[in-house]
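Consider the two complexes below, in which subunit A is the common component and subunit B and subunit C are the respective partners.
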Partner chain A sequence: MTARNQPRKGISLRAREALHGYGFIMIWVIGFLLFTLIPLLETLHYSFNQVVVSATSINLTFVDWANYSRALFTDPSFIELLIGYTIETMVAVPIVLIFAMIIALFLNLKFKLKGFFRVIFFLPIVITSGPVIRELTAQGAASAPGIANLPAVADFLAELPRAVRSPIEYLLTSFILILWFSGVQILIYLASLQKIDKSIYEAAAIDGASSWEIFWKIILPSLSTATMINAIYTIVTLSHFSENKVIQYIYNQTYNMQGGIGYASALAFIYFAVMIAMMGIIYLLLMQWTKRKSR
Partner chain B sequence: MDEKEITVTQLFRHPFTLRIGGFLFGSRAHRGLTSSIILYALLIAIGFIYLQPLLFMFTTSIKSPNDLLNPMVQWVPTELYLGNYEKAFRVLNYSQTLLASILISVVPSVLQTLVASIVGYGLARYRFWGKPIVFLLLLTTFVIPPQNTVIPQMLTYRNMGLLGSPLALILPALMGQGYRSAIFILIFYQSFMSLPKVLEESARLDGASDMRIFFTIAVPSALPAYIVSLIFSIVWYWNETFFTVIFLEGGITTLPMQLSRFTQAYESLYPPGVVNIFDRLNEAVKMSGTFLNILPLLLMYFILQRWFVQSVEMTGVTGE
Partner chain C sequence: MIKNRLRSYTGVRNRGINPSGFHVSQIKFYFILVPLSIVMLLPIIYIFSSAFKPPDELFAYPPRLLVINPTLKNFNDLLSRLSTSGIPVSRYLFNSILITVITVAASILISSAAAYALSKKRFKLKNTLFAINTVALMFVPIAVTIPRFLVIEKLGIFNTYWVHILPVLALPVGLFLLKQFIDGVPDEVIEAAQIDGASDLVIYWRIILPMIRPAIATIAILTFQAAWNNAEISTFYINNESLRTLAFYLSTLTSASTTANTVAGQGIAAAAALIMFLPNLIIFIFLQRHVMSTMSHSGMK
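This part shows the complex of A and B:
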């Protein structure tokens, strides 16, 4: 180590290390500027303008907040889609988390054919793509088996007020799809389940704790980080999914004569804000829950 | 009546609950026969529900037009009918779109994995100012919805004449800004952090350069992370349609892109007014197309599944 501790060429060791470190991440920093930050700022700029794209140039006319106020106050379909998206995400996130946790607990056990069941439960990671999902939903193959098509259920739903009905309808018609979004989350839960020290279980068992208590007092608290990661991951995947109706609406607006790119950019930022707000809410809820558990 | 008297705690202490809890959360004793049967029954039931759309897709895809119309035929077709696949194969222009999809998913994935490992290594092994900022920005790139950055990129590509060329997807991947690059960088960060530094330090004492140390010592020891990243990357690029539709429109057509305009493509090959009723577009043909779409991924998954499952645990995606 003595050789390394001596500064060479007048640069301190610390600075040298930092320089080499920057060398490794430089390509990412440039990429971040070129492909994320600059386009993001440009989109923000567009959102305050009327944008007309011609074959050779892009003409901007400053319109202040007009795009935003149109989206929030005069466009009837956008707000409706946005509310639908919020409800659907809020319904889907807890289901994905609970389902992923249960499957991960199962797959963490020792039993024969475990490999086979793992293959089944990770399969949707591989095949979940927009067009495939669209085809499957169009055929009604994604609904909760046997329940969604019963006439009694339809009658029951018709009686309910709209605010209650739409989440339930969503749940029934896309139940399996919601489950299909839990592949990666199962993996994350499994990984953190395997990090729990086995001797804690034994100690708890010797002290007379039932398995149920072990779950609530040991397993669940140690899954809190994974739960947070999974919640964020689920929101992001659902929100970026190309079959998402809000995304499709924004995409269609981009090519619309009336409004065009400027309006679509404003929509994109409103959408982004809603998504961040949802993450914030879920984050706070989970934090609260973790705090209460640790007390 | 009495049921109401049972409090929640009593319910948890009830022998039956304890038994369920016992096998769910790893019981102290060996699992009995009953719990084993319950376990398998549950797993099979959930597994069936989970795979139901896939089974539906497959059985529908081999139904002949007669079977489709026959209300008695639900899950088991009366004959193995491959005509749907023939049509779907033609409509999807399979050999060409398959090649395009392989190109569009494999090339960016390889580059993205390589760059992510370099960046992850830099973050894991070097101390420098501003690292928390880099992590924060990494997470931001993961969260930002694609439509918040895609329009200026598209306009720039249009000016550069890159729209429709695979380069439009390759360039961001090359700069660590590919599809979900942040996740891969975190995977590599995590796995380099968990590797011991000893070998690298002794190589440094011997005078090896940083790049040399990275490629000869760090890369081989993080092989599982490379495999995981590559597989996930290929899968996600393959299934991605938002960027591909915007960046490749008018140029290369990938399988999912062709699937999303399946109806149009079908009707231009088999005009509905001209062909007889059995050759009209039906759900069996659509399902064949969908199945052909995921078939390459299924094959890859079944061949590599051991790696897929095991190495994820090794690298610990949790990022704790």
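This part shows the complex of A and C:
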């Protein structure tokens, strides 16, 4: 009888909460370990080996950093693809973020047909994955070839140094494609716009703040978390996009006699490192930005 | 008064006399939104019209958006190919539907439960797990195809229905997005429920899930597409033709035919793309209401 009133032996309230937490996450952790983490570590292991797959087994020969050095120093096309990808992503991410933010601000206003427009701007999420985008890029419809080929524009581009030219060219040819990647981002911005307490706007308006000031001092700082999430999400979707050239190159190398799985694994890890680095840069920039805003 | 103040906070000032209905001052929104929304609609118009294009229009350069002489030839070609296949198409269709439904339902449950724990529970590994997940998010899925194959073989699920479902359940993207949305659910709501004696399961089921409905609908759309369009699992982890999916079947059809007859192949590919795309669009139309409606009054501050 007395035991009932006492906490169970050895289990404090905090431990019980932790236990419940683990309970909720357990299935996910098992799935993640089996199908994501273990294969990932195995891939890391492969990247230091020459991997030969035969019908019955997989033979590994340890080659140290040879796969990496080949990718970085001897492979003629990988580095070029990687640099191209990095430039494109660094151009695309800010555009997606700014575009998504502007559209979200618009869609957060009150006007007729708002619901209809929200649906339309959310629609790209059914386009960018799967057969539609493959079909579109295959037919060259995702780019706007007309603009970059106009004589005046082409002359102007030819004047520029290559480092400046390629991002601009990418921007001109793929602008529409970039816009299609902002469906989920608009949604995330809208959700966090709606979390802002309406009375803050009121207070600011009473204090005589203009709508411009309200945007910079209230709306923008409170969107900083959403911006980080969106940046990560954009990088991930752009980098895992099936028409991405780096992905296609890695995929081809996997089944290449000369390269093989070991080499492709090394390529994948270099790609991975580049993505993490970009993420880090964006994170640092945003941290700086939020710090300055809150001061 | 307050309402008018609220309306005037964004970039465009309305001088506090904004009517509740349509007003000339709103035209500027449409000037920006209408052209942009046409851009957003382009791909869908394109996918529909190219499925009905005759061969000469399919190969026209630059590609034309709208079809001039619509024809059903592509669909007829596709149908005639379907009738020559050894296994009835309904089999592939059944596989695809079954796999997609189970995958979407199970992955939402698993990811949202995990996201709830990561967001609202306190335990040691919490931050580490989320960090690992975010890093894993970055990793290219195609690079792990072969190691994943080894795991699948060890588990003995090679060549079964399980191989379609299990590997895609614990996807990092779903957890990542859901956790962000659950972070937005105020702790006070959960504390109030706890004081009323609600257990964790009740809180998860009756409070968290309804409150993040927009996020769940979004994840449902994304997982649906991932599962429905997945041809890779059928290629790599399935030997038995009768366990493969419609996406796989249509992709073999179009790629095999491109070598034999490029002109007909393109047309068939366009028709197949439309057929594969339609369910995505239908799911989107069904679920967008949940995404949009709850967002405006979800009880979040």
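Going forward, the second predicted complex is superposed on the first by the 255 of 295 C-alpha atoms of A that agree within 3 Å, B and C clash if a C-alpha of one lies under 4 Å from a C-alpha of the other, contacts with A are read in each partner's own complex, and residues count from 1 in each chain.
Convention: a residue touches a chain if its C-beta (ideal position, glycine included) is under 8 Å from a C-beta of that chain, and two chains touch if they have at least 3 such contacts.
Worth saying up front: this structure is predicted, and the values here are computed from it rather than measured.
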Using the superposition on subunit A, decide if subunit B and subunit C clash or fit. clash
Looking at A:Gly280, would you say it contacts subunit B, subunit C, both, or neither? Reply first, second, both or neither. neither
Thinking of the overlay built on chain A, is A:Val119 touched by subunit B (first), by subunit C (second), by both, or by neither? both
Which of the two partners, first being subunit B and second being subunit C, lies in contact with A:Pro221: first, second, both, or neither? neither
Between subunit B and subunit C, whom does A:Asp197 touch in the aligned arrangement: first, second, both, or neither? second
Looking at the overlay, what does A:Phe32 touch: subunit B (first), subunit C (second), both, or neither? both
Return the residues of subunit A at which the contacts from subunit B and from subunit C coincide. 14, 17-18, 20-25, 27-32, 34-36, 38-40, 42-43, 46, 53, 58, 103, 105-106, 108-109, 111, 115, 117-127, 129-132, 134-136, 139, 141-142, 145, 176, 179-180, 184, 187-188, 190-192, 194-195, 201-202, 205, 210-212, 214-215, 219, 225, 229, 232, 236, 239-240, 247, 250-251, 254, 261, 264-265, 268-269, 271-272, 275-276, 279
Of subunit B, residues touching subunit A in the complex: 12-13, 17-18, 21-28, 31, 36, 39-40, 42-43, 46-47, 49-54, 56-57, 60, 115, 118-119, 121-123, 125-129, 134, 137, 140-153, 155, 171-172, 174-177, 185, 204-205, 210, 214, 232, 235, 238-242, 245, 256-257, 259-260, 262, 283, 286-287, 289-290, 293-294, 297-298, 300-302, 305-306, 308-309, 312-313, 316-320
Touching subunit A in the complex: which residues of subunit C? 2, 5-13, 18, 21-22, 26, 29, 32-33, 36-37, 39-44, 46-47, 50, 61-63, 65, 110-111, 113-114, 116-118, 121-124, 126, 129, 132-148, 150-151, 155, 166-167, 169-170, 172-173, 175-177, 180-181, 184, 200, 204, 214-215, 218, 221-222, 225-226, 228-229, 269-270, 272-273, 276-277, 280-281, 283-284, 288, 291-292, 295-296, 298, 300-301
Residue numbers of subunit A touching subunit C in their complex, please. 14, 17-18, 20-25, 27-32, 34-40, 42-43, 46, 53, 58, 103, 105-106, 108-112, 115, 117-127, 129-136, 139-142, 145-146, 176, 179-180, 184, 187-188, 190-192, 194-195, 197-198, 201-202, 204-205, 210-212, 214-215, 219, 225, 229, 232-233, 235-236, 239-240, 247, 250-251, 254, 261, 264-265, 267-269, 271-272, 275-276, 279
Taking the touch rule as given, give the residues of subunit A at its contact with subunit B in the complex, in rising order. 3-4, 14, 17-25, 27-32, 34-36, 38-40, 42-43, 46, 53, 58, 103, 105-106, 108-109, 111, 113, 115, 117-132, 134-136, 138-139, 141-142, 145, 176-177, 179-180, 184, 187-188, 190-192, 194-195, 201-202, 205, 210-215, 219, 225-226, 229, 232, 236, 239-240, 242, 247, 250-251, 254, 261, 264-265, 268-269, 271-272, 275-276, 279
